[in-house]
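Here's a structure for you.
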Amino acid sequence: MTKPDDSVFLKLSPKVQDMYKKLSDFVEFECIPAEHLYHQQLAPMGHPDRWNIVPPVIEQLKTRAKEIGVWNCFLPPTYGKYSPGLTNLEYAVLCELMGRSHLAPEATNCGAPDTGNMEVFAKYGNQAQKDKWLVPLMNGSIRSAFAMTEPAVASSDATNIETSIVRDEKNKQYVINGRKWWISGAGDPRCKVYLVMGKTDFGAKKHLQQSVVIVPAGTPGVTIVRPMMVFGYDDAAHGHMEMLFKDCRVPFENMVLGEGRGFEIVQGRLGPGRIHHCMRAIGLAERALELHILRITDPSRKPFGKMIAQHNPVPIVNSRLELDQARLLVLKAADKIDAAGPKAALKEIGMAKIVVPRMALAVFDRAIQAYGAAGVSQDTPLAYMYAMMRTLRIADGPDEVHERQVAMYELKKSAELRSRFEKQKDIEASLLAKL
Amino acid sequence: MTKPDDSVFLKLSPKVQDMYKKLSDFVEFECIPAEHLYHQQLAPMGHPDRWNIVPPVIEQLKTRAKEIGVWNCFLPPTYGKYSPGLTNLEYAVLCELMGRSHLAPEATNCGAPDTGNMEVFAKYGNQAQKDKWLVPLMNGSIRSAFAMTEPAVASSDATNIETSIVRDEKNKQYVINGRKWWISGAGDPRCKVYLVMGKTDFGAKKHLQQSVVIVPAGTPGVTIVRPMMVFGYDDAAHGHMEMLFKDCRVPFENMVLGEGRGFEIVQGRLGPGRIHHCMRAIGLAERALELHILRITDPSRKPFGKMIAQHNPVPIVNSRLELDQARLLVLKAADKIDAAGPKAALKEIGMAKIVVPRMALAVFDRAIQAYGAAGVSQDTPLAYMYAMMRTLRIADGPDEVHERQVAMYELKKSAELRSRFEKQKDIEASLLAKL
Amino acid sequence: MTKPDDSVFLKLSPKVQDMYKKLSDFVEFECIPAEHLYHQQLAPMGHPDRWNIVPPVIEQLKTRAKEIGVWNCFLPPTYGKYSPGLTNLEYAVLCELMGRSHLAPEATNCGAPDTGNMEVFAKYGNQAQKDKWLVPLMNGSIRSAFAMTEPAVASSDATNIETSIVRDEKNKQYVINGRKWWISGAGDPRCKVYLVMGKTDFGAKKHLQQSVVIVPAGTPGVTIVRPMMVFGYDDAAHGHMEMLFKDCRVPFENMVLGEGRGFEIVQGRLGPGRIHHCMRAIGLAERALELHILRITDPSRKPFGKMIAQHNPVPIVNSRLELDQARLLVLKAADKIDAAGPKAALKEIGMAKIVVPRMALAVFDRAIQAYGAAGVSQDTPLAYMYAMMRTLRIADGPDEVHERQVAMYELKKSAELRSRFEKQKDIEASLLAKL
Amino acid sequence: MTKPDDSVFLKLSPKVQDMYKKLSDFVEFECIPAEHLYHQQLAPMGHPDRWNIVPPVIEQLKTRAKEIGVWNCFLPPTYGKYSPGLTNLEYAVLCELMGRSHLAPEATNCGAPDTGNMEVFAKYGNQAQKDKWLVPLMNGSIRSAFAMTEPAVASSDATNIETSIVRDEKNKQYVINGRKWWISGAGDPRCKVYLVMGKTDFGAKKHLQQSVVIVPAGTPGVTIVRPMMVFGYDDAAHGHMEMLFKDCRVPFENMVLGEGRGFEIVQGRLGPGRIHHCMRAIGLAERALELHILRITDPSRKPFGKMIAQHNPVPIVNSRLELDQARLLVLKAADKIDAAGPKAALKEIGMAKIVVPRMALAVFDRAIQAYGAAGVSQDTPLAYMYAMMRTLRIADGPDEVHERQVAMYELKKSAELRSRFEKQKDIEASLLAKL
């Protein structure tokens, strides 16, 4: 297994230590070595089967993950028998391991957006919805997508969404019209259901206009328009798709929770999702730093007569300093969720969401520079890591939105600070008066 | 035309002002609008014709450029009738315009690596070599590549190259064996000639081992192995190819300048090439900053109730500050080349080579962030700009090599500084003694 | 003399080249060696004579500067016989030299705030005011101060000023009441006149409320409250004083230009003042970088067995890169003032005002780190340089104000950019339509 | 009390929670309000009594700290009855509080360099040495200094020290000759003992040449030469003094631990000292951020019509992000010391030593900018904070030394990483072979 930080590892329960070891070996010696095979098994970009073929290796990895007992680890203890019963802090440590390979989250059924969607069905779905969608999702037999972001509006502010969900009382159906993009996972042929966010009441209060409805894949009126590219990558078989909903109809029973509850659902979904992204990003950054160290200690590469490591150690030091600090912030956020719930941890989650992708991008960039031309190419995973991570400064709220939020929390303190400060000044004045 | 900076523009001669206007309109209203068409005319990535089809629009643009008289502008006045007779400073101003569209440098026959290769033929080729290769290159009827970089060695130090060029006296041929990669332009079906750098004498002094030979495309023993990807992009039709030379034979007369002169050729070639890259990067950064301004002043995008521009102006200010400073550094280097030759300007060129790509990447990144998801996608040119620019911190000497060089120039001053400093201390002591 | 950059030096006229040489030797071998003596000749901090004694050496240096003809160089050619007739670009090159020693600007009568005040008298004063104050200022026989900044209001926005200047018609006097701070030069016993900004009409339009009146030093009602400290330094004999104006009376004829013209005067005064600060800062940064190079090439200092220079050259490279770019920006701003006047150059001046102090602080900080404990102490001038430069990110408009201004200039372009962009999209569409 | 972070506070034992509350109130409402009084009670800088007067308020604060039971908290449990028995992690939380005021560490007898010196006496002193020096130090009745750093050599490498400690067998005395500087606390009239590091054997192995001897204040041959200034501050009454040892004699029994054990003593002393500095720096940064928030929410300051906080929240967000991450790193290092001892935590301590001062300086600098001119002056504590913190990037090993050390730990991993990487590649190859 990879060598964990003792200060974290030794505090884990024996059960989680055991899961850690199994998961670590699974990631290092089953997932990472399968990454090239996965891309080979895909049809080439531009090929008509690009979005029809799922690389068989990923299903084999899923079978393996179930066997060794690292499946659905993200599920909180409230899920009963389906959940391994981990705290968020425990999951954070395992999730970091998963983040090291882009195959591991899916292989362990802990990948976005399925995790978030499972949480929506579990928390907000009725029994029929759970039976139909949650069970196969938890078994890993289908995948899902969450259709929220739209091209035409400032996506950093979710209240701007314009897709309409209109009641057709006669047919007892909702009629959906709108354009969505960056719908992750919607390119996968195993993706069988979309959770679609739209507005059921454009006249209601700002946060009560939105609703979430269930749209089965293949419903008439749904078109997968095109894959959105990230830098030059299409991220198949997963994909981040543009979708068009045109007079798409679903029965009334496909409403989740109730009309006007969409914003509430989205809020409940995003918090944990954000911190999971951060946990995985820590793992990916750690892997990139390892690759960086490998390169600068490569005895066959000696520009100007000495190993790169001897020229200037500052880049790896900076990566280590930033990485360890960011990890501690993520662990703290997870710990806070455990102690006081996700709402109480919103500030910590927001802070991690700002810090982690910046850190990871800097770590990747330094590694790229050390690898030279290989670093930007298909011969290392670094450029792909960079591209995917770059989206994380935008997705689930861009940096600027989280900065606003963190600032708000800080500025809230001002009244209490001012009262303390004025008390200090009074005492000071009385001291100086005695001079 | 784009609005130039008067402090530069008004100092140009009327002739160059006129070229500037024509070139600017050509870039803005012929090249930039053709970018999408260019990519549409290519076979899709993965398609067998990906590297066989040249988008017709680029040849149409070349015809146009010749018509309006912005052709081969990079050629120094020493080329006589082929050259428009511009100084480096004048060319810098035009080259910045070309840099705004990735089609413009080729359209004006001012694109890498052809410009550098033309200079090699012109400066170092014999008459027969010039007739055969320089003339069609200057006419834009063929393209060329320069095969130097190798995968197996630390490419930041050119003396590490391992490709062998062995004399076969009996057949009066050189036999070439080696593997090259990142051979830009070698994927283009119009690329008819490679200048290949290798070692003719592994036992000679470090800088006299290398030679450059001419290898016509299609010579037996040459294989185009694969395109190297840059963040998912293959940069077709141009391409950055891996090539294998296996017992590839060319006649003795294909040697350029003479055996052992390869390092000299490469040095002569790289200086101007580096500064041309920088000039173009300034133009591309300017275009990205314009796109950034367009986005944050888009009246239809008002997250949290006001235009992005009103939230925080610092990103565009930083881009403007960095961009203008970097441009001045590039212009200074060009001016120095004009005044004292490229050798005397090595420090200035090296400084620009470090500063400009970092600046451009920062400018692109800020623009990407402002565009949100669109910024990383195919719907803006920003991610592609970023990817291509990222290679410039590595190509033609990575940052670290140029930092070493700039440091060397600075440290050279220490003797003179110390002598002045000691004189100051002596005077100070005599002043204090009188107290 | 110090070795100038040929690309600038060789373009100077022979007259200015000659001044450059004389000034350079004066700074290097007369001013810099006198710095310690200057501080020794001051009464110690806390001593009752701290603000009564002017170090004799500064008057000796002034005599020398007059002798060698480097006096009042800042005066534009419009001053006739008093001015050496330099362009702003020429002055920029000389002013950089002056900036290398904190004694040189005063020694050459080119120091703030006297230069700005002389410009006020020259541009806006009537003949009587000029005779009384401008002539002795130009001779260097008195000094002056400009009293604008106030402690109680947000000083980044000059319209907030609250000092009142009230007409007393009976006595034909203005009555001044208000508190000012950071009044540079007011601590000097040679400071004989204050230009005081206040409001004559609190009810007028925002930019017409202010006026500037002349207050001779020693006028009843004026109190020098205390020196403001900058990181522990009081900057004697100059000083940055807090001043109280309490029922201070001056005759009507002491009004400059007219009531309500204060904002206009201040605007005219600040532009050139800002760029002069920047020019000097470039020189000081260059000196600090020289000290940095001296330290890391000191053969007696070899931590871990090799000279510091061999451990990591990046710090001096970064300093050189930033310094040269900032200098070019300053020279460009000066050149723009020459070509189109100070108003047309406001953007360039603002850009330099943001960039230069940040650059200089970074250069100083790197040098401090190389010197270790000596760097923060009285044994090098670096900490003092840092402290004084830190004020420049605040004085004459903090960074944030200049950022707003630069942003405004950028955003102004959006209409023209949008129209060009839309034209490009139209052409693109027509090209794609033909596919 | 200040509001602690619940995620830390709630994990403290009730005893430590109680100490936290008492200490917090002591710092906020007794130490901070006394800071101005302290400086008023000092003789002014330059005054002959500058180094003879101890402000009475500090002794009053010491009495108070003993009363409320926050005294000698730094002492590990091994000190028995003298120690409150805190873990390093618990102390870290309290020490952060102390760091908020420069009076609090001394007031609680937890200030440098006394804490380190007490540890030297306790760990390495014999009973007689403990009785004579440790007991009064623990009572706070005397102070002490540690004389290591020398002006003439690269102080970043302790083996360079040149002070000689020579045995005089006849008189059974050591004779000390050498020049030291930056001897913190030696300016204080209560400083009664110096621990002096020098070389007893210039011919021994590099790390066995050094010894530490006890020199009582007032021993003939010891001269306090001058205070070293930090920016413009002399840090009285404490002081950082230059000292001259000229034929200074102490009896053989004043040797600590034994000849040649000096390096060992210094290593044992520095680790905890470094992390204590970091803990305090976190507290000081937190206070500066509070001041920053106070300023930008000051309703009386509205440049351009709105509170500064509304212009741009990014500065305080960045400060919060950096501060919280740095704190977590410090707490992790403290936790590691508790779990595995200070040697095992060297990497974590080194990392904190690099990160924390940089963070604090950035936090101070942003606060300074928000305060404008007040920020650099005596009217806020920010410039003094900045100056003192700047020394921490140099003292106890400059950044560069700790970067070397952290890099060493990272590079050590390369063998294990390479073996894992090669195993991954083997598995990958076998997977691809089956395609």
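Chains here go by letter, A, B, C and D, matching the order in which they are written, and residues are numbered from 1 within each.
As a working rule, a contact is a pair of C-beta atoms (placed from the backbone, for glycine too) under 8 Å apart; a residue touches a chain by one contact, two chains touch by 3 or more.
Because the structure is predicted, anything quoted here is derived from the model rather than measured.
Looking at which of A-D and B-D shares more C-beta pairs in contact, the answer is the pair A-D. Distances between chain centres, each the mean of the C-alpha atoms, put B farthest from chain D. At the interface between chain A and chain B, two copies of one sequence, more than half of the residue numbers in use appear on both sides, so the contact is built from largely the same positions.
Remark: chain A and chain B have CA centroids separated by 38 Å (rounded to whole angstrom).
Rounded to whole angstrom, the centroid-to-centroid distance between chain A and chain D, based on C-alpha atoms, equals 40 Å.
Mean C-alpha position of chain B lies 51 Å from that of chain D.
Annotation for chain A: residues 312, 314, 404 touch two or more other chains.
Residue ranges of chain A in contact with chain D, taken from their complex: 2-3, 6-7, 10, 28-30, 32-37, 40-41, 57, 289-290, 293-294, 296-297, 309, 313-314, 316-317, 320-321, 324-326, 328-329, 332, 335-336, 339-340, 351, 354-355, 403-404, 406-407, 410-411, 413-414, 416-418, 420-421, 423-425, 427-428, 431-432, 435.
Interface residues of chain D, counted against chain C in their complex, comprise 44-47, 149, 151-157, 160, 181-182, 228-233, 300-304, 308, 311-312, 368-369, 372-379, 383-384, 386-387, 390-391, 393-395, 398-401, 404.
On the chain C side of its complex with chain A, the touching residues are 312, 314.
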